[in-house]
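Letters A, B, C and D mark the chains as written, and numbering starts fresh at 1 in each.
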Amino acid sequence: MKFFSDNAASVHPRIWQAMQAADAADAAYDGDALSAKLDAAFSDLFGAPCTALWVATGTAANCLALAAMVPPHGGLVCHKEAHIEMDEGGAPGFFLHGAKLLLAEGTGAKLTPEGLRAVLDAIRPGVHQVQPHAISITQATECGRVYAPAEVAAIGALAKARGLGLHMDGARFANAAAHLGCHPAEFTVRAGVDALSFGCVKNGGMSAEAVVFFAPDLADVVRFRRKRAGHLQSKGRYLAAQILAMIEGDLWLENARAANAAAQEIAAACGGRLLQPVEANEVFVSLSPAEQAVLRAQGFDFYDWPVSDDAPAGTLGAARLVTAWNSPPQEVAALARALSVL
Amino acid sequence: MKFFSDNAASVHPRIWQAMQAADAADAAYDGDALSAKLDAAFSDLFGAPCTALWVATGTAANCLALAAMVPPHGGLVCHKEAHIEMDEGGAPGFFLHGAKLLLAEGTGAKLTPEGLRAVLDAIRPGVHQVQPHAISITQATECGRVYAPAEVAAIGALAKARGLGLHMDGARFANAAAHLGCHPAEFTVRAGVDALSFGCVKNGGMSAEAVVFFAPDLADVVRFRRKRAGHLQSKGRYLAAQILAMIEGDLWLENARAANAAAQEIAAACGGRLLQPVEANEVFVSLSPAEQAVLRAQGFDFYDWPVSDDAPAGTLGAARLVTAWNSPPQEVAALARALSVL
Amino acid sequence: MKFFSDNAASVHPRIWQAMQAADAADAAYDGDALSAKLDAAFSDLFGAPCTALWVATGTAANCLALAAMVPPHGGLVCHKEAHIEMDEGGAPGFFLHGAKLLLAEGTGAKLTPEGLRAVLDAIRPGVHQVQPHAISITQATECGRVYAPAEVAAIGALAKARGLGLHMDGARFANAAAHLGCHPAEFTVRAGVDALSFGCVKNGGMSAEAVVFFAPDLADVVRFRRKRAGHLQSKGRYLAAQILAMIEGDLWLENARAANAAAQEIAAACGGRLLQPVEANEVFVSLSPAEQAVLRAQGFDFYDWPVSDDAPAGTLGAARLVTAWNSPPQEVAALARALSVL
Amino acid sequence: MKFFSDNAASVHPRIWQAMQAADAADAAYDGDALSAKLDAAFSDLFGAPCTALWVATGTAANCLALAAMVPPHGGLVCHKEAHIEMDEGGAPGFFLHGAKLLLAEGTGAKLTPEGLRAVLDAIRPGVHQVQPHAISITQATECGRVYAPAEVAAIGALAKARGLGLHMDGARFANAAAHLGCHPAEFTVRAGVDALSFGCVKNGGMSAEAVVFFAPDLADVVRFRRKRAGHLQSKGRYLAAQILAMIEGDLWLENARAANAAAQEIAAACGGRLLQPVEANEVFVSLSPAEQAVLRAQGFDFYDWPVSDDAPAGTLGAARLVTAWNSPPQEVAALARALSVL
């Protein structure tokens, strides 16, 4: 019973169908008919002009978007627990040619204008310290928290005031959108986001993420950089097919709602163990090593997690439980039950 | 009727089946059971210990392999028409952090010890000129030519004598192997090749190539670099599945033989128009712009091609005709007929 | 009266003489007779085989040394206030091709085995997090503190145990050596240091620092990287001359002792204002903005400094006062007097 | 008797004087009074608004200027014998993060609009081939040839028409200016040059070159990149002093005229041996290995040189003879005599 991540789940049948429907040969790379539909599909989704490119991974999506905003000698501000800082094997250093990640604080891995200002205001102008060029936030965050539209807008306003680009890592964008229930433009383009990594792989896709630019001039350089990074697949139509199928009929939201609901069911069984409010599809719980062993002995598979500085005193251990679009209801129920009797 | 490239052809049914058979969730990234089988599968195929990693594109495969051999301040020798030099959007400059491609001559885009020595011997030792660290050859070449085992071995011996690594870009490795008919070890590991980009996408795959290391110590650093380049997909099992299916039952050879046979059928109709001997699945022909227009008007889709320096005097234009594993026999026959009556 | 830094002081007369004595044309780059003497001069100084290269700046020295130890996909651990992290404009990101600085804590900008282990042990093995390849310490530190030989040796032992290189940023190495009074090998080569940036510019030089390798195999790659970074000056003899003159007759220690003594004189006047023990030639004092204004009105030029987290509660401001090899005694006395009556 | 290069000659007395006059401490880096004068000095010299930065080497000057024009995924066109291609140890690959040098042909290492168009027109638009962003020419060229103002202007017009930046490597700019005898603006700012590496080291300086921007917006990013490359020296006043002294009273022209005259004296003795017209301070002569040995036995020191493709048939060897601002008249005369009797 796998609760270690949503990133290895099965591919949704409608994604499979779309890929197979794309099987006839078409022009190579992104010259095919499906790739050509991406801009319009995202423009419809967000109600604003978008340029969208497919890539295979969230790491590539994040780093290509950021490379369009940050020169090699510049920096970007992100949360100290951001995926780009902690879990991408130094990819930002590679794609951004050594640009620097400037780390900010904030509960629940959420940035705030205050936390950002603390970082930004401490930087001396001039050439001796790396100057910021962008901000990157994660929606939902690495702690499973969701920015409200007003929270994004406050950061967007700060970014604009300081002349900084704003990127959103949306590896679990769908889960955030499902939680918020509002139009996705409200916490992206209308809130000042310039580029979005729109995740599909964790939400029932196979191998496609979209980089969506609300500031279309950024996309041009990314086309070159995608090729240069070996990310321009010759049979790109299979990636475009995945993304289009995800958008069509709001499959992205349907899948995310299912995962979120499963997470809520588990969360409800956790009581005081919850280390973070559960807003998306990740449940962070206080679990001692012994308790973890009990669960694992029952067949539950999950990651243990570092105990963060702001965890309640006496927390002996932590674990992350992640649900997917297709987490089997009986397994979710079993996990909830197991947690409730620990 | 598409003869512009093999790189956009449909995916072979057995590849589809293998991918679907991999649909159940397994460990993420390359921790799954299928990825774990790659080393053994290639070791069996080559009869020698191999380490193999999947990536999504040939560009990534080539550049990751080379990055393991060439430091940022170094260089590598390749043919002046090599794909890494001409058609990868500067990817080697990115992955190798500015290392230099040193360009050698040779007919049919084939390198020779003589051509290599001409480049190598002209480099002054010391820090003022970039020093070579590796050689990269393409099998089959960008002109559709195939290195015989002894030709690779001669280059391998030179590489060893000079302390250089040897990489083989095998985007069309299967087509070369099908042409040669010998054991694939004969023109790789036994001929001094250290790393091979084993192509699948052009041969009926969807989105997986393998980087195969015969010098296993090279693989370790590539694991880090693959992640860092955003090429470590979380559902890597779908890539491993493609590669394993390609090897199983020699599907790779079966597909390549079909493509090669189609190319031979076209070549036989070309007579004196042939600009290169046809050894793999590419046919380079002398075609004036007017003749190209005639063919296109009949529904044939292909790339025009630069007239190379060594083309016969008076050549008014050139075209590249590429066959795929599934080029429809009636379309191949139609193209042959059309060419024969031009 | 300049106490803002030692990095803009006049050049010592013996350095001038040595440069002028080098004026006759000799072989270019580092092929001249003076550059050829560097290895022996440092081998004598440290009583161990050394390879030494000149460069123009401490930033180049640090980054070239580190680039020999840390691959682009790797990381190095340094103090969060280290010069390479705070004040080199992102140069490590450039020279190390995006390798990552992993930041450790420690009072007085000094690293300790405990602080290092806290960083190292938190890194998950594998490709998702950047793995450490080296440690860099600063002697004397950015807070003017000096590592005792045993403190360096403890870090050296940790580095060795973990397979990490050890680099020492010695922009103020002479001041540390003058403070310690022991043989310089005791806190370098015998303590496990692999490469040292031996500073001259802050100590009466003009434009030359030495990168000294106790692990000589590291030097070879740095020769290439120095050229590649545009740091191989064609009239390198003028740089070699500076360094040799600095070593000859222990000018480096003589100059540092003068600067340290001036710092002690100032420190003695500071009483409870001292924020750090004064061990080298930097004095960090608690000074409110109003007090800073008073001093500046009297003609004293210095940097205000961020109030660090571990400063006494109620500290309203801080300043850094730096002495040089030639700080005029009457100016030093005047500053001491002015501080004592604030 | 040294004729191997001008790059190791003695420093001119007026340069020494200027450096010593700068010895009093001033603000660090480029905050000093002398560095502040550079913009005005070059604006006066060129009769147009300039921004000028000092660096230590021509390699750094060239690469920093180009890095402001060419993004990492782009390319620049230069002559196949250009110093940046042949003799800078791959520095452009480092400073430009892997951008590509696109090599053009031309006699005397001079580019022409025709040679440039041959390269530019062969590049397919799109992401698969590296797109050009700049052109770099060398004045005087690596063959000692000088572009006339109209020749630069023709290239400048092409650059403008194609949206490309234009950089001039002026390591021997003074020698070219002395040869042309016209106002230096005529073959720079008025001819479409955007950035100039203004050489001093080969012309009697010690360790300072200027990067001069006629397009001032380019300079801002270079300030950051200079620091990041470890080229922002803290005692920058000594570099500014050299450059200002070189401009003052037209010392740069005086020195260059002396070197050029010496080269002419040697050239006049070479007769049919001359492989290039002598326009600056380099003399390329046909000399067989035996003849080279004769000259060396007489105490003449020089580089042998590759025999270029366009050398007269039967050329058995070549040598480069370089004069400096202070080549002793008796040595020049001796070399001329020796050549005339070979």
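One rule holds for everything that comes next: contacts are C-beta pairs under 8 Å (C-beta built on N, C-alpha and C of every residue); 3 or more make two chains touch, one makes a residue touch a chain.
Note that this is a predicted model, so its numbers are computed, not measured.
Looking at the partners of chain A and chain C together, the chains they share are B, D.
The chain with its C-alpha centre at the largest distance from the centre of chain A is D.
Each chain gets a centre from the mean of its Cα atoms; for chain A and chain B, those two points are 34 Å apart.
Chain B and chain D have Cα centroids separated by 41 Å.
Taking each chain's centre as the average of its CA atoms, chain B and chain C sit 50 Å apart.
Looking at chain B, one finds that residues 72-74, 88-90, 93-94, 97, 127-128, 224, 227-228, 232 touch two or more other chains.
Residue ranges of chain B in contact with chain C, taken from their complex: 71-74, 97, 127-128, 131, 221, 223-228, 232. By the touch criterion stated above, chain D contacts chain C in their complex at residues 2, 4-5, 7-11, 16, 20, 23-28, 32, 55-57, 59-61, 63-64, 88-91, 93-95, 201-202, 206-207, 224, 227-235, 237-239, 324. By the touch rule above, chain D contacts chain B in their complex via residues 72-75, 86-90, 92-94, 96-100, 122, 127-130, 306.
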